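In the two assemblies presented below, chain A is common to both, partnered first by chain B and then by chain C.
And then the complex of A and B:
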């Protein structure tokens, strides 16, 4: 029922919006302002879903995404990318990193581009964790 | 071979000589007396005439004289009697080439004739040579005149102003372009005025020094400066010059200078059109920035709706704050864009660069502390009050320090002692130097090359993406320069140089 959702974004306004929608969807939000913080929270709080921004200081979403998907203890966590960058660019960057020796990484289950309507986000959250 | 005329009153002698001469291959005409001989001479124009001295009627001397009158180049050999030295000498006076004394052997005459032939040959060659020489001198003179005209034309029509002096630095060449720029006429300047009266100190100084014997500097590289024309206009120019040498001696100087007004105008136009082109590029980037702001607006309005619907004042308040912040961000973006696209003259006023730099550091202190970054100041205390545009300094420094802080914040390497250093210093030519150094992420050559042309902001809520472009524009309008050095993984240094005017003077 009330699952744990980690909202990661450096923009506090975005975090406010996202956490509100999470709450309305009946889930419990926790926040992180950058990749580093996010990693800490994932390890300590074990969320069911991570809503991830890409462009952030102190470890960007790109790096964090790869970490999540290659770490045995974290790869089953659902990840929704919510970013100003479009999906194609995101996938290209992952591909570049893969070629660089990082190895392939699965595509995110969900990818939303900002700005996003509240109901679109709500639907996506429902699809991910109910 | 040679046509010979033989004049002798002794027919026997003639017969013998003719035979001898014919045997040698010469063509011989004979005459038994002077008058006949002269007639033959007129008709046949022999190269060599051999005449007896003692003849009845016209004497050999007379014949000699007459022949020499008509044909001074004819070789006349006279035949004298034994012991007749005086006559021989007289004949030589009148132009005889040679004499043989009777009685003589056939060879003697042959030798004399040969000598005469040689002389004829030499004379001919000399004549040819002289003609040739005269021809060459004429050619050379024409060529010289042509080149001299060419050079004159060159100097006259040169787009560069050319001013040349003698060794005393008195002006000897002053071309039309120099007249135009300086406002003096050539006739008023040449040999009347000295370099120091017309040209700025820095130009004159080089040359006074260069003319000193001890100085080995011979050339002055292109340097920019300002010239005051006769009417008092200040004209930006670029000048270069050298010492004119003749062998080892310093003969004078020559200065070339170019009016930069047109070039500067074109440069400004280029900068302007580059900027317009860049604006086209930034539209895509702008869209990105606006998307972010829109997201904030949507989020805010959603919260307001929820707040109103659920009568939740806290949500309402939060939502409204979000909207207000988004409006502010939108406004900043628009201001930056306008600022970037408009031409603006800097507002020079007396200010203290160190104070402005300190203000900016104070502004950025909180953010630096939050990020665990050491923000260090190193201002040159010798910099006092100068005339610059304080707004330019402020905006530029805010942008650069902000970028430096971000470079540290966005550094994905393991945490380290991040440091941003802000320095001020003064340089020659009335320049203030601002340096912002960070030891953050650094940039690759590729990224560095695109710094000022593409629009990219990694700054989420804060950046408009136009920061650096606006910065560069402000610097250029202030007449300054910006230089970026960066190494991936090591950090970045940005050096800005801005010129100032002396405080208080109006230039």
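And then the complex of A and C:
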């Protein structure tokens, strides 16, 4: 039986692409358009994997990732970052927030820089949740 | 926008067409971290006319995609730099009308300040027309900072709130601007309060008439300066004679102002005086950033 995958991206075209790959991988996609919406869905739907964009309106993936990884009830949910923002900047931002008193968070399970081909995304999903 | 309390500018909506506002403008805005800035939202509006339906061509989707991706590449670069500083960053790239899309995003994001660029030196270089600025002010419930990068002006991209020049005409809108600047105290080193007397309004043809107008204005401005000083902000007043735009420009230059601040109202004569003409003149002629402070919405 497939697992539940939350696709978070403000671009509807990207969400469509990602959810299609998730479905073709045998899993059930759900969608959110920004960090705030995603947090609500994570709490209500408890997905097995979050495919997370970074640069979005309302709340970025950087803040959402930090919220997930510092919350005992959500920290074990796997996160694949899929963004135009490079991994080095993502990690530096987490370091900067840690220095402001936010505490350290682990690196994401997977980090892919946009754009990705469907087969690369499918392989990454398989690696994360089978 | 509280009065009597400190105002926190936590979130800025930064609207750019790239030609006029770049990362140097953003860097200058980082001085607002002292007043709590933690979130910058970038916005690029692809104006509908650029990609609109045309006979024989239809909706120019390819052009919209090209503009969108070009903007996205710039925003990603800027966002990486801000994320690394621990800032929160967001982005909007929309097709539509400038004023309506900006107002929509400002409301959705609950921005505390909207920053837009303004023209170069000629009308042809005018990126935001006077009517767009007017429409924005009418729609936005929060202050708008209109930036104009001029390389020869060392203060254009300095700390905008460091030495504001407050233009006053004693109206309710002006009083609102005083309240707002007082609430920005942590960012302000000194305020210069300026009133420009219209030379045609000086009564009589004697030196007495002119001096009486100056004395009356000075007395009123000293009251305003007193309010700033009571709040712990150094303030000085100046009277100029001439047209408002020329007087303010001269005053800003002589006072080494970092921006010109004006109260604005969408309902009274202030519209005609400030919104209808003076900001347009400043946009075309002044080297200084202009902060337009709206009245409290009913």
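Heads up, the rule we're going with is that the second predicted complex is superposed on the first by the 130 of 130 C-alpha atoms of A that agree within 3 Å, B and C clash if a C-alpha of one lies under 4 Å from a C-alpha of the other, contacts with A are read in each partner's own complex, and residues count from 1 in each chain.
Definition applied: contacts are C-beta pairs under 8 Å (C-beta built on N, C-alpha and C of every residue); 3 or more make two chains touch, one makes a residue touch a chain.
Please read all numbers here as calculations on a predicted model, not as lab measurements.
Visitor: When the two structures are laid over each other on chain A, do chain B and chain C clash or fit?
Guide: Overlaying the two complexes on chain A (C-alpha atoms) leaves chain C and chain B clashing.
Visitor: In the superposed arrangement, which partner chain does A:97 touch: chain B (first), chain C (second), both, or neither?
Guide: After superposition on chain A, A:97 lies in contact with chain C alone.
Visitor: Can A:17 be said to touch chain B (first), chain C (second), both, or neither?
Guide: It touches chain B, and chain C stays clear.
Visitor: State whether A:46 touches chain B only (first), chain C only (second), both chains, or neither.
Guide: neither
Visitor: Going by the contact rule set out at the top, does A:89 touch chain B (first), chain C (second), both, or neither?
Guide: A:89 sits against chain C, while chain B stays out of touch.
Visitor: Looking at the overlay, does A:120 come into contact with chain B only (first), chain C only (second), both, or neither?
Guide: Neither: A:120 stays clear of chain B and chain C.
Visitor: Taking the contacts chain A makes with chain B in one complex and with chain C in the other, which residues are shared?
Guide: 10, 55-60, 63, 84
Visitor: Which residues of chain C touch chain A in the complex?
Guide: 41, 72, 75-76, 79-81, 83-86, 88-92, 105, 108-109
Visitor: Show which residues of chain A lie in contact with chain C when the two form their complex.
Guide: Chain A residues touching chain C: 10, 54-60, 62-63, 84-86, 89-90, 92-93, 96-97, 99-100.
Visitor: Name, in rising order, each residue of chain B that touches chain A in their complex.
Guide: 288, 291-292, 294-300, 302-303, 306, 315, 318, 322, 325-326, 406, 409-410, 412, 458, 460-461
Visitor: Looking at the complex, which residues from chain A come into contact with chain B?
Guide: 9-14, 16-18, 20-21, 24, 55-60, 63, 84, 114-118
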